[in-house]
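Naming follows writing order (A, B and C), and every chain is counted from residue 1.
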Amino acid sequence: MDEIFILAEHIKGKITDTTYEILTLGREISAKMNRPLKAVLLGKGVGNLAMDLGYADGVVMMEHDLLANVNIQTWSIALMHIIKEKKPEMVIMGSTNSLMGLGSYIAEKMGLPYMNLCKGLRVEDQQVVGNAILYGGKIEADVRPCAKPILVSVRPGNYPGDPARTRREVPVECVTPPDTLMEAKINFKEFIQAERKDIDITQCDVLVAVGRGIQNKENIVHAETLAKIFKNAAVVGSRPIIDQEWLPLTRLVGRSGMSVRPKLYLALGISGAPEHMEGMKGAQLIVAINKDKKAPIFRIAHYGVAEDLFKVIPKLAERLKK
Amino acid sequence: MMDEQPKSTVQEDIERLFLLPEGQRVLSCIQCGTCAGTCPHGEYMEYTPRKIIAMLRAGQIDEVINSKSMLKCLSCYACQLKCPRGIKLTDVLLPIIKGKVFESIVEMPPDLQRSFENTLRYGNPMGESPKKRAEWTKNSKVPVRILKENPAPVDVLWIVECYPSYHPRGIDVTLATARTFHRLGIDFAILGEEERCIGDCAGYFGEFGLQEALIEYSLNIFRKYKFNRIVTSGSHAFNTFQRWYPRYDFNIPVHHAMPFIATYIDRLKPFLKKPLNYTVTYHDPCCLGRCVGVSLPECFYHQPRILLSSIPGIKVVEMVHHRENSICCGGGGGGMWLDTYFKAEGMERLSERVVKEAVAAGADVLAVSCDYEISRFEDAVKVLGLEEKIKVKDIMELIDESAGGDETL
Amino acid sequence: MKILVLIKMVLDTVEEIKIDPSGKKVDTDAARFILNDVDNHAVEEAILLKEKYGGHVTVLAVDAPEIDDALFTAAAKGADRIIKVTTGMEQMSTQTMAKLLHSAIQNMNTQFDLILTGVQASDDIDGEIGPSLAAQFNLPYIGMAVKVLPDPQGRSTEVVTELGGGLYASYRSSLPVIVGISAAEKPPRYVPIMKVRMAMKSKKIETIPAPAPPPGSKIDVLKLYKPVVTGGAAMITGTPEQIADNLVKIFRDRGLS
């Protein structure tokens, strides 16, 4: 009872990055409130994934065919049952595409408080307070639940996942699936991997962007080197780069191209034309490298480096590879 | 005898319009093709004006409407100027056809769609906050009166327009203009937050509903204040005032900032002390040339040249295509937001053509007067890698530079 | 096929957002509102389905500033009925709005096959409309949809959802179902202003008066505030090696490498 639960998310047999992030958060809360941290694992044949959740103190598992792949309806039935049985203090889940709607559905069904859009949680006087981001990041809100158990949805990218990637054996409590699971009206059919001639840059976590400061097509290899080191990264460009066909149209960021909000936007030799900034100013972390310290990009970047990018990039690549 | 195909409603609609006198003139086309030859996008247009008229006569106008050819028309008036029959192609034929295209277009290029949605919502195509329209005044060392704060009667209502209010290079020109007005002792004020797009491109593209909404809005705002005349920094806005506003009983005198200050040349000359050693070529914008020649007795070809010659040290050279033969910068008729679309269609950018001609003429400064042109030509200069060879400046900037800019106020 | 689309207005963030003196609400006096972008996609998806399969589209919203424009625009695109619920209540949380919509829909006495809404909004502090309604109506819910392929005879539908990074998942659901749209199959069409004006003259927005609901939210907003913003970039200086070291640290702290 009163334990801190996090909901483990898995896709195609792998625990997602966001799950590790909320494990880190869960561990923080668990330490501050002195409660055990448990990971809720729903699925079919997922016993082997329990070890990946070893950062928690234990795993609460429910297995059934209908839970094999994430499905808002079956997973909400399962989770509601677990909440009723185990009476946790809170259930933290990631604000991810596949879990979209889960927290809201359960909150309404069970009359529970739901703190949505959170970038973080903190504990004040043994009470949890959520820090939510509204209106595309323009307003933050501190929110507090009025009842228990508490449901929380945390946005990806706010906690480091790496500390939580510990594989170790932890006790697994198995929960019998409720009969109501069979009443589900939604069935998972299949995964579809999109056939793309090129990647969808709006789905990348890291974008290494080149502007005219890259000087010529051959130099783009510097950006590619960096992109390869990061996960889920791609090289993109501003208008002049695409116009000169140094990169295809699918890599254009800006008014006439894509609007992107990656975790990291590394702008190399980009001055920051208004049309370009429109397409990337929503990025979570903007780091700009441009020789010109007056370049407009520095107005919206979080960190700036007014140095020759050709001097900095090789050093950066070297260190990141370690 | 074969059964004739029943006419489509679009065909009938258009034919009805051609029963009017101007419309009848359109139908007197001799199919010479001069329009197609003059059109800067002629080689990319499936349906040039000549062909449109031929299709209309053949009862096949639907094909024209369903093609995307009309998106490439920049409403630059080149065809209308050269038509040996004096047919009002850009004024009458093309807006009607474009209007029909617009009504039925299935997939509108996203940039253009966004520019219309932004203009309707925020009063500017960039989607900037209307509240920030007068932010530039904070950087002005000369006082700029905003009517909402001080509604006393004023001589000149200065309509700054969208790009000159929000775009960094546009703001450079606007600040220079403010300084020049100040030096000339002009009594002026701006609308600030209350100003919205005057309604230029919407009409030439066929979005008449948007244009009407914008014109109605502006007229309502104008009624609130007392002023003698309007001076605008927007060349497209200037053209809209001449071309479309009179339909709404609007009869206030309107000037474009550049020819306006040219009328004060004697008062201006004493300020132009600093010699500028540039070789300048002037790009005649469509809106102050061919377009406006339709509604006004004269085009503004000599005013910019008078202004340039008044600046000490400046040598004026002419591009091959100048005055009435000037090549459109590519921004008219919605073209400002169709660059990506044009690129995808494999079209050469007109702004690059102009920059190449400017360099070929021996200029190291390309002077402009149209608010769309600075960003378009600077873009072209960068893409062509000619930053070391040529700079783009608005005439107002050159005047201000010779007058000492901020320092000699 | 009878389709219901739920839309709502959200604060237009192009303008500066002000927080009211209480610190717990947004100051809406000078604020502008815009149709929630994904709700616009939901409308588009509904119209596309109607064009493909035939049927009837109802667009329903809770009254809010500038909602009339959004409703008339939906009508100009092809919506058959446009309805708004009036309560006199100014701001409300998403869950509270969901309760209001629930009673309004119940009183409409129409059996809808498909209920579409935008999957999320920027002010969903306590939940989303779609799943909240699904819970109240005891209907299945699928979120992040990018394609809806109904089989009206078979009383079921396939829904494709986007998981990100080019991966999609396909589900089959019985009808009726509530679907949270992430993107319509085609980008929302442009409606010439003329057509919207014509819709304003020819169509009427039906109004359903409703009493102000009790707050549906079980969370308390302690305070709203603007995130701490440093003016411009924090500049990193030093030798290229030092700069690189600094950058790596920043990336590692953010879990990026």
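Please note the rule applied: a contact is a pair of C-beta atoms (placed from the backbone, for glycine too) under 8 Å apart; a residue touches a chain by one contact, two chains touch by 3 or more.
Not measured: the values here are computed from a predicted model.
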item	value
Of all other chains, the one whose Cα centre sits farthest from chain C	B
Which of A-B and A-C has more C-beta contact pairs	A-C
Intercentroid distance (Cα basis), chain C paired with chain B, Å	38
Distance between chain centroids, defined by C-alpha means - chain A, chain C (Å)	21
Between chain A and chain B, centroid-to-centroid distance (C-alpha), Å	46
Junction residues of chain B, two or more chains touched	127
Two or more partner chains touched - positions in chain C	none
In the complex, chain C residues that touch chain A	10-11, 13, 17, 19, 26, 95, 98, 119-120, 122-128, 130-132, 134-136, 140-144, 158, 160-174, 177, 180, 182, 217-227, 232-237, 240-241, 243-245, 247-248, 250-251, 253-257
Contacting residues of chain A [partner chain B, same complex]	212, 239-240, 243-244, 249, 252, 255-257, 274, 278, 296
Residues of chain A defined as touching chain C within the complex	11, 21, 69-73, 96-98, 100-109, 111-117, 129-130, 132-147, 157, 159-162, 184-194, 196, 199-200, 203-206, 229-230, 232, 263-264, 285-288, 293, 298-307, 311-312, 315-316, 318-320
Interface residues, chain C side, partner chain B - complex	12, 14-16, 34, 186-187, 189-190, 192-197
Interface residues, chain B side, partner chain C - complex	102-103, 105-108, 110, 113, 116-117, 120-122, 127-129, 131, 207-210, 212-213
